[in-house]
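There are structures below to look over.
Each of the next two complexes has subunit A plus one other chain: subunit B in the first, subunit C in the second.
Here is the complex of A and B:
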């Protein structure tokens, strides 16, 4: 178990990368640190690995603090974004490297045997004598992971491991990573800025922004039950539509449409509706074409993405999007009659806190 | 118009090449002349007989074998020493974070601005007061570290991903293991260029050996040659033969490694 308590990091240039982070990660869990660049996710990883020292706070592995401990004593495996394979060594030498250096070095023959065992697990036996420069990105990635695992660490840390791969390979390798870490049952922390990657492989996701954990939850909750406006805006593609609306009696009104508060599910309110201005979030897939529309508008741009297509339109003088089935054959310039699924609306106050 | 320019630039280049190469070629030609030919006016260009015995005569007149031995020893040991100190210093500057790193680097840059001739005096004082005159130590130790090469290697190491070092750290490799198993093999091109330049520098050194040695058996080729010129008086043809002998090895070295040398000089803008 990894416990992170009140972790704070201020860099030498006074930039506060982390502001009091608290996380508990269970054994053999696969957790993603997700967020836009500069949110502090790699900083957390480097502090866990011991490559950076925190300004304050504590990290415990199985109840024992590891702050101040040398990276090599932390029982971790680390995979870098650029793989960091040594270009002058063959694959087997790269994988053996952790076993033949330091204070616990093994005899060469034994190290080689162990490296070969792990190469079998990651299915890269055939690459044994190749040099990193002659291999594809996916192969280098597998070698880097094998090297990280060869010391049999308790925790595997992966820093944006897929960002240097092309799109198709990324899909394949991320599945491989998930099945591998589940098979050997290792606690894994995975840093990424790609929500799709995070959603598809994680047991739980830590969504971060500006050095603060915005939400730490199961992937589908991040999408379906965002804790605040940032989470709602970050998760989902295309991005959620947000409208500022005024509360007047039992309706929320804006220039072009209004929402009836009586149709909202009372049990879903997290607190009372204080104030009169709110931000309404409606995902593009929860706008629907309807005969009893809330408003009518025209398609400005149509983007085809396959089974579905995204229609851009204007409402309240701002751009918005709706996703419809490609079969509906709607073209640019055509009129749209749009309604909304009330059960899938989100309400936030002006500070971004989720109300409904 | 374009043609005239091309012709002009060729004329210029050829003219400059002749001016640059002439002393060198004349040295070789004069080393094969008789005394009369070498000193005649107007000067002789091509000797009538190739006087190869000039070389054996010159070698007998001064202990050149000893000079060779001294020069090779001093150049080699100081090159190895420079490599060692440079590798360790550059590793610390580029891969480690420590207090005062910036100040130290600034101080080193400042040292780079101090002309060698200024340092020579204080170094001479140090060596003299330590009683190290006429020893190999005095010839070797002052050139065992070089600010210039530290900066040269720094720029090379900065291009090496820091994750290479972090991998070593996480896997438990010691700094020395990282240096010798990863950093040195990967910096081979830079280290190679450094070694050649440093060796040539050692071979050509003159002022320092003149200052700290005054017995023949400690002389290097540079000051050995100059001593020979003084002692042999007017034997110009023998002096030329001796000069040719001392230059040949470094010339061979240059032809073998010219790619590396030119790369090193171009990259740094200055020859070390």
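Here is the complex of A and C:
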């Protein structure tokens, strides 16, 4: 179990990368650190790995603090974003490297046997004598992971492991990574800025922004039950539509449409509606074409993405999107009559806190 | 097909732009080389040459002075190059890893390269002087010497080796430093993480990564060592040491040409030196290629 307590990091240039992070990660869990650039996700990984020192706070592995320990004594395997394979060594030498250096080095024959065992697990036996420069990105990736695993660490750390791969390979490798770490049952922390990657392979996701954990939850909850406006905006593609609306008696009004608060599910309110201005979040997939519309508008741009297509339109003088079935055959310039699924609306106050 | 049609991979127009450079190379590099080869088969004055067959080569190859020159040159090259390179590597890594004001020390170590060899030679003459030199003073403190670096014929080679190593450091250090800096720092982070010691990191990462640069330095260092002249000239006051004890191949060629006016023999010696350097460089390249592949 990894416990991160009140972790704070201020860089030499006074930039506060992490502001009091608290996380508990269970054994053999696959956790993703997700967030935009500069949110502090890689900083956390580097502090766990021992490449950076925290300014304050503590990290414990199974109850034992690892702050101040040399990286080699932390029982971790780290895969860098660029893999950092040694270009002058063959694959087998790269994988043997952790076993033939340092204070616990093995005899060469034994190290080779062990390396080959792990190469079998990650299915790269055929690459044994190749040099990294002659291999594809996906192959290099697998070699880097094998090298990180060969010392049989308790924790595997992956820093944006898929960002150097092309789109199709990424889909394949992320499934391979998940099935591999689940097979050998290793606790894995995975850094990414790609929500789809995070949603598809993680057991739980830490969504970060500006050095703060915005939400630490199962992938599905991040999407369906965002804790605040940032989470709602970050998760989901295309991005959620947000409208500033005024509360007048039992309705929320804006220039082009209004929502009836009586139709909202009372059980879903997290707190009372204080104040008069609110931000309403409606995902593009929860707008619906309807005969009893809330408002009417025209399609400005149509983007086809396969089974569905995204229709851009304007409402309240701002751009918004709706997702419809491609088969509906709506073209640019056509009129849309749009309604909303009330059970899938989110309400936030002006600070971004979720109310409904 | 139209001759002026555009082709991305074959542009005859390029020759037009190459003409100035090629002309200079041909006049100043290729012609002199052919001329040297031609002259090595003739004797007599420059204006009235007589064909001499391979007699010049026989004369040079059987000349004991030439043997001494080649021997001195070889000792110089085979000691100076490895020692200077090893020392430079040590200093470069120390500067890179341990020293705070890196830029300052880089500059300090590069200054000798900018200084005239003759000026440095004069300073070294002072430093190495048997009577009042600081080197002998320091050696005296630890009970060695005094050593007569400059006037003892049997010390002559040692003296130019010391001077040669010193004068080779600056260039090597700068090149090695830039090589070390260009190595991906993640390699060391990974190695650290796996618990590799500094020595292991040097042996398994730094050294293999520097192979191309070391190959380059070995090649240029050996070539310039085989052609050593200035160092000897500077430290022995324009002579090849006491009683020609430190004569080198280039000194020999110079003497033949300008002192004895035996142009043909001088050219023959120059050509022999050229072939020796060429063969050595080729062998060295082959060895370094093997090393790099391993």
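A few remarks follow.
One rule holds for everything that comes next: the second predicted complex is superposed on the first by the 356 of 356 C-alpha atoms of A that agree within 3 Å, B and C clash if a C-alpha of one lies under 4 Å from a C-alpha of the other, contacts with A are read in each partner's own complex, and residues count from 1 in each chain.
One rule holds for everything that comes next: a contact is a pair of C-beta atoms (placed from the backbone, for glycine too) under 8 Å apart; a residue touches a chain by one contact, two chains touch by 3 or more.
The shown structure was predicted, so the numbers you read here are calculated from the model rather than taken from an experiment.
Applying the stated clash criterion after superposition on subunit A shows that subunit B and subunit C collide.
In the superposition on chain A, A:269 makes contact with neither subunit B nor subunit C. Residue contacts after overlaying the shared chain place A:15 against neither subunit B nor subunit C. In the superposed pair of complexes, A:103 makes contact with subunit B and with subunit C alike. In the superposed pair of complexes, A:78 makes contact with subunit B and with subunit C alike. The contact surfaces that subunit B and subunit C form on subunit A in the two complexes overlap at residues 49-51, 70-72, 76, 78, 80, 82, 84, 86, 88, 97-98, 101-104, 151. Interface residues of subunit A, counted against subunit C in their complex, comprise 49-51, 70-73, 76, 78, 80, 82, 84, 86, 88-89, 97-98, 101-104, 151. By the touch criterion stated above, subunit A contacts subunit B in their complex at residues 49-51, 70-72, 76-78, 80-82, 84, 86-88, 97-98, 101-104, 147, 151. The part of subunit C that touches subunit A in the complex is made up of residues 184, 186-187, 189-197, 200, 204-205, 208-209, 211. Touching subunit A in their complex are the following residues of subunit B: 161, 163-164, 166-174, 177, 181-182, 185-186.
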